[in-house]
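One chain, chain A, appears in both complexes that follow, with chain B as partner in the first and chain C in the second.
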Partner chain A sequence: MAGYDRFDILTGCALLVCGLSLAILLVSGQKENSTAVAIDKAIEQQIAYQARIDFLHRLYQPVEALRAQGQSSSALLKLDELARRYPQEAHGQILQGEILLERGVVAESINHFVRAVRLNGDYVDKLSPLSRRKEIQQLVNLQLPLFLARAHKKPQNLALQNTLTGLYYLQSRLAGGCE
Partner chain B sequence: MRIGYMNCNSKKETLQRFKPLTRYLSQKLGIDFEVVPVDTQDFPERFAAGEFEFTHTNSLIYLILHEENQLKLLATEKRGRYGSRTSGSIISRKGSGIKTLEDLKGKRMIFGPQLAPSGFLAQYDLMLNNGIDPETDIAYYAIPAGSFKHEKVVYGVYFGQFDVGAAPSLDLELMTADGKISADDFNIIAESAIVPYCTFGARKDLDPQLIENFRKALVDLTKEDRVDFAGENLKVLASAWIDGYETLEDSDYDILRRMAKNANMPPYQEF
Partner chain C sequence: MNLFDRQNLLVIAAGLSLGTLGVLLVLWGNPQNSGICVSCFLENSAGALGLHDNPRMQYLRPELIGFVLGAAAAALLGREFKSRGGSAPLPRLFSGIFLIVGCAVFIGCPIKMFLRFIAGDLTTLTGIIGLVGGVWLGLKGLAAGVHFGGSKRESAAAGIWVPLGFLLLLAFILWPPGFLLHSTRGSAAQAAPILVALAVGLFLGVLAQRSRFCVTGSIRDGLLMGHRAPLLWGFLAFLTSGFLASLATGQFHPGFYGQPGAHLDLLWSFLGMLLVGLISVLIGGCPFRQLIKSGEGDADAGLVVIGMFIGAGLVQSWQIAGTTAGVSLYGKVAVMVGLIFIFGNMLLYRERLD
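Right after this comes the complex of A and B.
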């Protein structure tokens, strides 16, 4: 090759190898870095979710304690108090729904379950630690035929129609439907 | 046409709550309705005298007017956690050591007004059903005077004037939600069965179509319905502190009939 001696060619090759090595190192370093960031985010989300679950359990522990002692009236009052600070918290709606259902106040109970599921779909997700899927499924299975029969007898009764709408909503969410 | 509204806490509050609703009904039905505020004790007499055609009362007054004047059931009000129903609670101050119905014996008690289903009747019946005669087994009981009697009951217990009180569960719920009291302030010793809440009724001799239109206007009301009143555009239900209306059957009031008979109260009182 004219103008280039053997030393130039060797130096050029060495520089090329160094440059390529450096580029490979940089690319693989970035890959490792982005994988690490993705893992960090997933862990952060998991930690935040777990923290939220722990927080909900701590927040509503007095309500659960009152329920365990058979003091459901006091438990409902405690829920009213907590709702002042956390009005959009679905867990309070779930507990309210459960207590009202235990007391036979079915239509109002269904309203609370609907509100809870609208706020947070975890309650119908069988894998969520918050899941109430089984209870909600039982509620729908048991109450839908009863309210259908009542609404059939009294088609003009709007309250019955509203309760039916709520039950259908829960049924669709159990079946995997979205908002 | 006139609608008699039972004063719940005060005449002023009744007018404030129900004038916008009445304006809405006037517009919906094309009839100029007049609001007539009525004290609870005077209600049966004034209705019998023909002072108003439609009524808005607690469920016990409905029962009295239905038994005595064949008042027709129109719609039942929805408010609070039990919807168109409500209940009565017996409360004591936390830390008082009064936790069971048995503990009520020999204690000083405050009830709500005597014709209040969830402030007097439900608790009176509850006590009788548990072997406690309010007339003989407690030291004495009182009924507060003047307006806002239910809140006076709650505060009477809170400030220690009385050992126990008969409070409507709805008032406890609302006072807690408003931050006036804390759930931790009271023991709820017992809660009654749920009974129908405030009720609209109509005179038996009114045009059936008018009665049906009135009922439909109430049960069709949604939280979004608005009315122009006193220079403002108001949400009808919110301005009356109501969640809605529902059509109940007269037989839904049977539980209240049983309570009234058990407590020897109107319209079944025997001397």
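Right after this comes the complex of A and C.
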């Protein structure tokens, strides 16, 4: 062939063979189960998440039981004990926030919700099984105007300013957007 | 300047489309104020490909693929597909990484920054000042002779690899392989329907290629030429259409607090965007423009895109990315390293008249 030497022809043939092999590999690979390893990766991610949720439910079950019996002080003590073993676990913070809110300790409760959401965004996520979005939305809607009015009256009060910053943070997380 | 010149009309059409579709994509499912965000899309896509392990940020965004393939198709049809490259490859690769560092610390690319602004997010103001400041500094650098060196025409093969890579990513969307990850919660779980997102991406890719629309380019030309700069008119069309679309769809919520995907570390928003503006001027375009140029066969821009992908994985893995809670120490350090990198390169790549 004019313009092509042996090197061109051999390289072209190698290219053709590799291309055909790739096509065969892709077609036959779909029929056989050659993607099994890759599929495991996606499933493993889901299993790990589900296992984490089950673990959290089991870990905090005694706290939930004490809450159900109306023993909120004991539930808080149990949460303190668990927090020493799992200091970075957001679920304990959420439960502590809920119990404190039930007892009317609003500012401290807000701080716990903020810590929980900072550690794990799942709590403001509509799609997560851990979601507390509705409760946090209610908390922000109710408390933001109240704390705003209080902070205006006492602008020097740092604790009030901190709680207000926390409420703004929760409001921002509820508004969505990229993370 | 004739506003009704064909090229000006194309630029204005690109701006109008970007603003309107950027807001509409939120209605169709994308995260709030993130209808179009090149850096967020890259972080999502890097996660989907396994480049980071944040399970809330993994989704191969079809818009991103549409931008590059739309630009490639438009360039091929318009006979503008030219393979070129060879200008300071490693600095460009690292520039791509630091572009994403700056964007991630701010939470969004320049397009998203203005989409956030026209939706009423006032925390973006320092970012806007930072971006304009960065573009201005970059212009001062160019005027002083800072230049990464001209690109050369290369063999036709050099420029096709990035478009081919994105064609492979398109195949991953159409026939998802088992290793592709997809978040079931978090912002990456919020997405417009695949075909809609892909169509919008292709449309904007074609328009951006034909018009050369670029956010930092518009600011640069505005600073240089004032109201005579066609890109500035496109940019104003982008802001106006986005603002009107935000108002019409009830997404305009002016305020400083409680904004979606925003933080109050204003100094770091400023510095992050300063870094983005400065790098963008020196390498010839914002992250969006780099994607479009890589689709036209520009291998230099292709290297920036690869750098952006690497950066997208790193900002998530190394907790560099800013969150609503603020910017981490790692993020602050990364921005400072980025600024040292770019100022150092400005000294090293300065052509001096001896």
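In the analysis below, the second predicted complex is superposed on the first by the 140 of 179 C-alpha atoms of A that agree within 3 Å, B and C clash if a C-alpha of one lies under 4 Å from a C-alpha of the other, contacts with A are read in each partner's own complex, and residues count from 1 in each chain.
FYI, a residue touches a chain if its C-beta (ideal position, glycine included) is under 8 Å from a C-beta of that chain, and two chains touch if they have at least 3 such contacts.
In this text the structure is predicted, and so the values were computed from the model without any measurement.
K.L.:
Touch test for A:E108: chain B only (first), chain C only (second), both, or neither?
P.N.:
After superposing on A, A:E108 lies in contact with chain B but is clear of chain C.
K.L.:
Pick one for A:Q46: touches chain B only (first), chain C only (second), both, or neither.
P.N.:
Touch partner of A:Q46: chain C, not chain B.
K.L.:
Just to be sure I read the superposition right, which of the two partners does A:P155 touch: chain B = first, chain C = second, or both, or neither?
P.N.:
neither
K.L.:
With both complexes superposed on chain A, which partner does A:S73 reach: first (chain B), second (chain C), both or neither?
P.N.:
Only chain B; A:S73 stays clear of chain C.
K.L.:
On the superposed three-chain arrangement, identify whether chain B or chain C touches more chain A residues.
P.N.:
Residues of chain A touched, chain B against chain C: more for C.
K.L.:
Identify the partner contact of A:R84: answer first if only chain B is touched, second if only chain C is, both if each is, neither if none is.
P.N.:
First partner only.
K.L.:
Figure out whether A:L100 sits in contact with chain B (first) or chain C (second), or with both, or with neither.
P.N.:
The answer is first: A:L100 touches chain B but not chain C.
K.L.:
So, does A:Y168 touch the first partner chain B, the second partner chain C, both, or neither?
P.N.:
second
K.L.:
I'd like to check the shared interface: which positions of chain A are touched by both chain B and chain C across the two complexes?
P.N.:
none
K.L.:
Okay, in this complex, where on chain B does chain A touch?
P.N.:
My answer: residues 81-85, 89, 169, 172-173, 176-177, 179, 182-184, 186-188, 191, 194, 219-220, 244, 246-247.
K.L.:
Write out the stretch or stretches of chain A touching chain B in their complex.
P.N.:
Listed in rising order, the residues are 71, 73-74, 76-78, 80-81, 83-84, 96, 100, 103, 105, 107-108, 154, 156-159.
K.L.:
Sort out for me which residues of chain C touch chain A in the complex.
P.N.:
31-34, 37, 40, 50, 55-57, 107-108, 112, 177-182, 184-187, 189-190, 253, 257-263, 321, 323-325
K.L.:
Under the stated contact criterion, what part of chain A meets chain C in this complex?
P.N.:
35-42, 45-46, 49, 118, 121-122, 125, 127-128, 168-169, 171-179
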